[in-house]
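Labels run A, B and C following the written order; every chain starts at residue 1.
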Amino acid sequence: MTALLSVSNIGAGFGNFKVLEGVSLSLPEGGLVGLIGTNGAGKSTLFSTISGYIAPTEGRVTFAGEDITQLAVEKRVQRGLARTFQVPREFSELTVFDNMMAAAPSQAGEKLSALVFARGRVARQEKETGEKARQLLSFLNLERVADERAGRLSGGQKKLLELGRLLMLDPKAIMLDEPFAGVNPVLIGELSERIVALNARGMSILIIEHNLDELSRIVPKMYAMDRGRVIAEGTPNEVLANPGVREAYMGGVV
Amino acid sequence: MDWLSIVNAGINGTVLGLLLALPALAVTLVFGIARFPNVATGDYMTLGAYAAVAAQTFGGLSLVASGVFASLTVGVVSLFFYFWVFRALAQRPLVSRLIASIGVAFAVRSTITFFAGHYQYNIEAPLVRAWNFNGVRILPTDVYIAVTAIVALVLVFMLMRFTPMGRRMRAVADNPELASASGINARRVMVLLWSIVGIFCGLGGFLLGVKAVVIPELGFELLLTIFAAVILGGIGTPIGAVVGILVFGISQEIGSLYVGPAYKIVMAFLVLLCVLLLRPQGIFGRIQAAR
Amino acid sequence: MEGYIVTISITILIYMLLAGGLSLQYGFTGLINFGHVGFFAIGSYTSALLAMQGVPILICMMAATALAALFAFPLGMIALRLRGDYLAIVTLGFSESVRMVLQKEEWLTRGVHGIPGIPRLFGNGPAADLWILATLVIVNIIVFAGIKGMIKSPFGRVIGAIRDNEVAVRALGKDPARFKTRSLAIGAALAGLAGAFQSHYLTFISPEQFVPLITFYVWMAIIMGGVSRLSGVVVGTVMLVGFLEGSRFLREIFPGVSEVQLSSVRFWIIGMALICTMLYRPDGLFGERKTVKK
């Protein structure tokens, strides 16, 4: 399988302080890959570099054959690479349904000229987008709360909503930043199932997680980071047996 | 345009830059520590100038004494508005402090015009002839102004660098949450901040009044130049404020030789746009992280 | 007496266009525009100057609206990627620069002397004022209906999302600066339209009419009414004009007060009002972010 997303030799930091050094990683098309590491290992920084919030000081990010290292955040998303955040960033004042609707790309209704001159088309698109939104909400088991203010949801539901918003974009690849954090154990199982189901449909997924048990169950391949570098890669069993990883996680769940 | 005019304009610009460095520093400090652009800065300056005029006219004070009076008056006013307005708005969104500072600016200026009208006043300074070095003219008053400004700036820089209070101010500017978690008393820092702001704006207004005529728009018409200079230098960085305003002062005076003085605001505005387009963090500033 | 009511109503309706535009920019999109009077001035002078050249008034007004909106784009694209207070400074600088240019370029604008004899809308007959009033009422209704429509549209949804969580909007592939700039431009267009009406109603304009104080009159109007409620905009504008007109009568009550002192008092009251509303009545304005009340 060809790499859909590949990161080569990424370095990032402030002045002499290096947060990332020589990191290389790849996500194959249709792949489901995990990324683990202790706090401060640089996982989120790596995500931010890949998604475009932070500019790397060296190295390259390639997506679908294109070098996107210098591309703006919005443009990377438009190319099909989207991410969630560790702390969910739902639009708290909007309803769950509106959150989904707001995410849909290329809406004619967002152009003022269309609002005046192409009302019919705008209305039709709204209807189609609405149907897609309801389907996704149903897939994520969120239809019951569709008309609630998103700020009122539980942590787990907010994570599901973030995932839902992402899916409205029909992305090629998604990066999930600690999807299980702060989610109650019952929902974790549901969330896992959804992630696997999405992957089965062909979505390429990269996941950062601390919950090693759950992650090991669903991903066939994992990378481990420590202090800004990649120290292991392979199947979950291989990675978790790696001495360097065990040492980094000393006392942690292995 | 001969070199002599340019040199003289440059000297004038340096003096202006130095005295405007005082309110510029006030702006950058408030931005760094209280985290908003203080639009009342200009009118604090105006108040300083008028206070000095009043001191001379009604109190018969000497030039130096009126200058001190001006600085202290504005210091008190600044503290008043801190205690009444800005302290209460510290946790509110930025807009509140911005709009409140506009309100303060209006309140100060209108109080001045209510009593003093729209006439031009003058701060009486001894009339001394300019020194002439082969055509390069230097006014003794300008030298006094420059020296006063420099001394004030050096004092504040030393305060910020070497005293515990100064270090606390910088800590609050860098990272307010961490600072308060470390037990730094924000109230004391703020009192010091707004005292400096008031004294410097008052002093700057006084010095400007010595050099130019005293009118109600004295401070406000310089506001954009000061802000543009602070942004050019790097908002929140004291050295940036000084460098920025010197650059502006000198280039505006020299530029006025060619396009006339009326366009100072427009020039400042265009430079501001360029800075924000090309290097929004200014010369000495750091890039602000994405929210 | 009726003449006076008509005059006041026209003033209210012109300010309402200004307030509607600012409400869209700030109340709805969260943009801190301190240069609203600059767009007002551009609209006013553009319409006046074109009309003096014989261009039909309707075309002049359309050009005025468009030109004002056009100026919003460079300002927006430069300042809207940065913190909100940068826009405030940039727009303030913009409106003051506009005023300076209007004062200085006498060959075009007659500088401080102003432009007299601007062609009046509907001519100089006795009923002209009533026609102007009627037109303004209709225009205001259309404008406010349009703003409501915008708020409920997908465009409005994205703006609400931007106010809520701008980073998340970028993470969904949309550029917040583009949307904010469009909002800024519409508000500017409304200010330009208001300016055009001003020109063809007063028939005399000068740079003094376009000082920053006017911008903050409009801010006061939307703050008093509740920034994000359209009905509040109407209320606030009426209150503002009521205050401005009412303060004129102060001179009757206090004969010893000079004109200058009266304008100082007005100025002071606005300043105090801005401070006090920020301190004591921020509810529904700057506390929690609320969705726009429809």
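One rule holds in what follows: contacts are C-beta pairs under 8 Å (C-beta built on N, C-alpha and C of every residue); 3 or more make two chains touch, one makes a residue touch a chain.
Only a predicted model underlies this, so the values are computations on that prediction, with no experimental measurement involved.
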Handout entry: Comparison of B-C and A-C (more C-beta pairs in contact)
Key = B-C
Practice task
Among all other chains, pick the one whose mean CA position is farthest from the mean CA position of chain B.
Solution key: A
Practice task
Please indicate the chain closest to the centre of the assembly, with centres calculated from CA atoms only.
Solution key: C
Practice task
Could you give the separation in Å between the centres of chain A and chain B, each centre being the mean of its C-alpha atoms?
Solution key: 48
Fill in the blank from the handout: Separation of the C-alpha centres, chain A versus chain C, in whole Å, is 43
Practice task
Can you check how far apart chain B and chain C are, centre to centre, with Cα atoms defining each centre and the answer in Å?
Solution key: 30
Handout entry: Residues of chain B touching at least two other chains
Key = 290
Handout entry: Overlap residues in chain C, where contacts from two or more other chains coincide
Key = 167
Problem - Complex interface listing, chain C residues touching chain A - result: 149-150, 153-155, 157-158, 160-161, 164-165, 167-175, 179, 182, 186, 289-291
Handout entry: Sites on chain C touched by chain B in the complex
Key = 32, 34, 74, 78-79, 82-86, 88-90, 92-94, 96-97, 100-101, 103-104, 166-167, 213, 216, 219, 223, 260-261, 263-268, 270-276, 278-279, 282, 286-287
Practice task
Enumerate the contact residues on chain B facing chain C in the complex.
Solution key: 36-37, 39, 85, 88-89, 92-100, 102-111, 113-114, 117-118, 223-224, 227-228, 231, 262-263, 265-266, 268-269, 272-273, 276-277, 280, 288, 290-291
Completion exercise
In the complex, the residues of chain A that touch chain C are 51, 72-75, 77-78, 82-83, 85, 89-94, 98-99, 101-103, 105, 107-112, 115, 122, 126, 165-166, 168-169
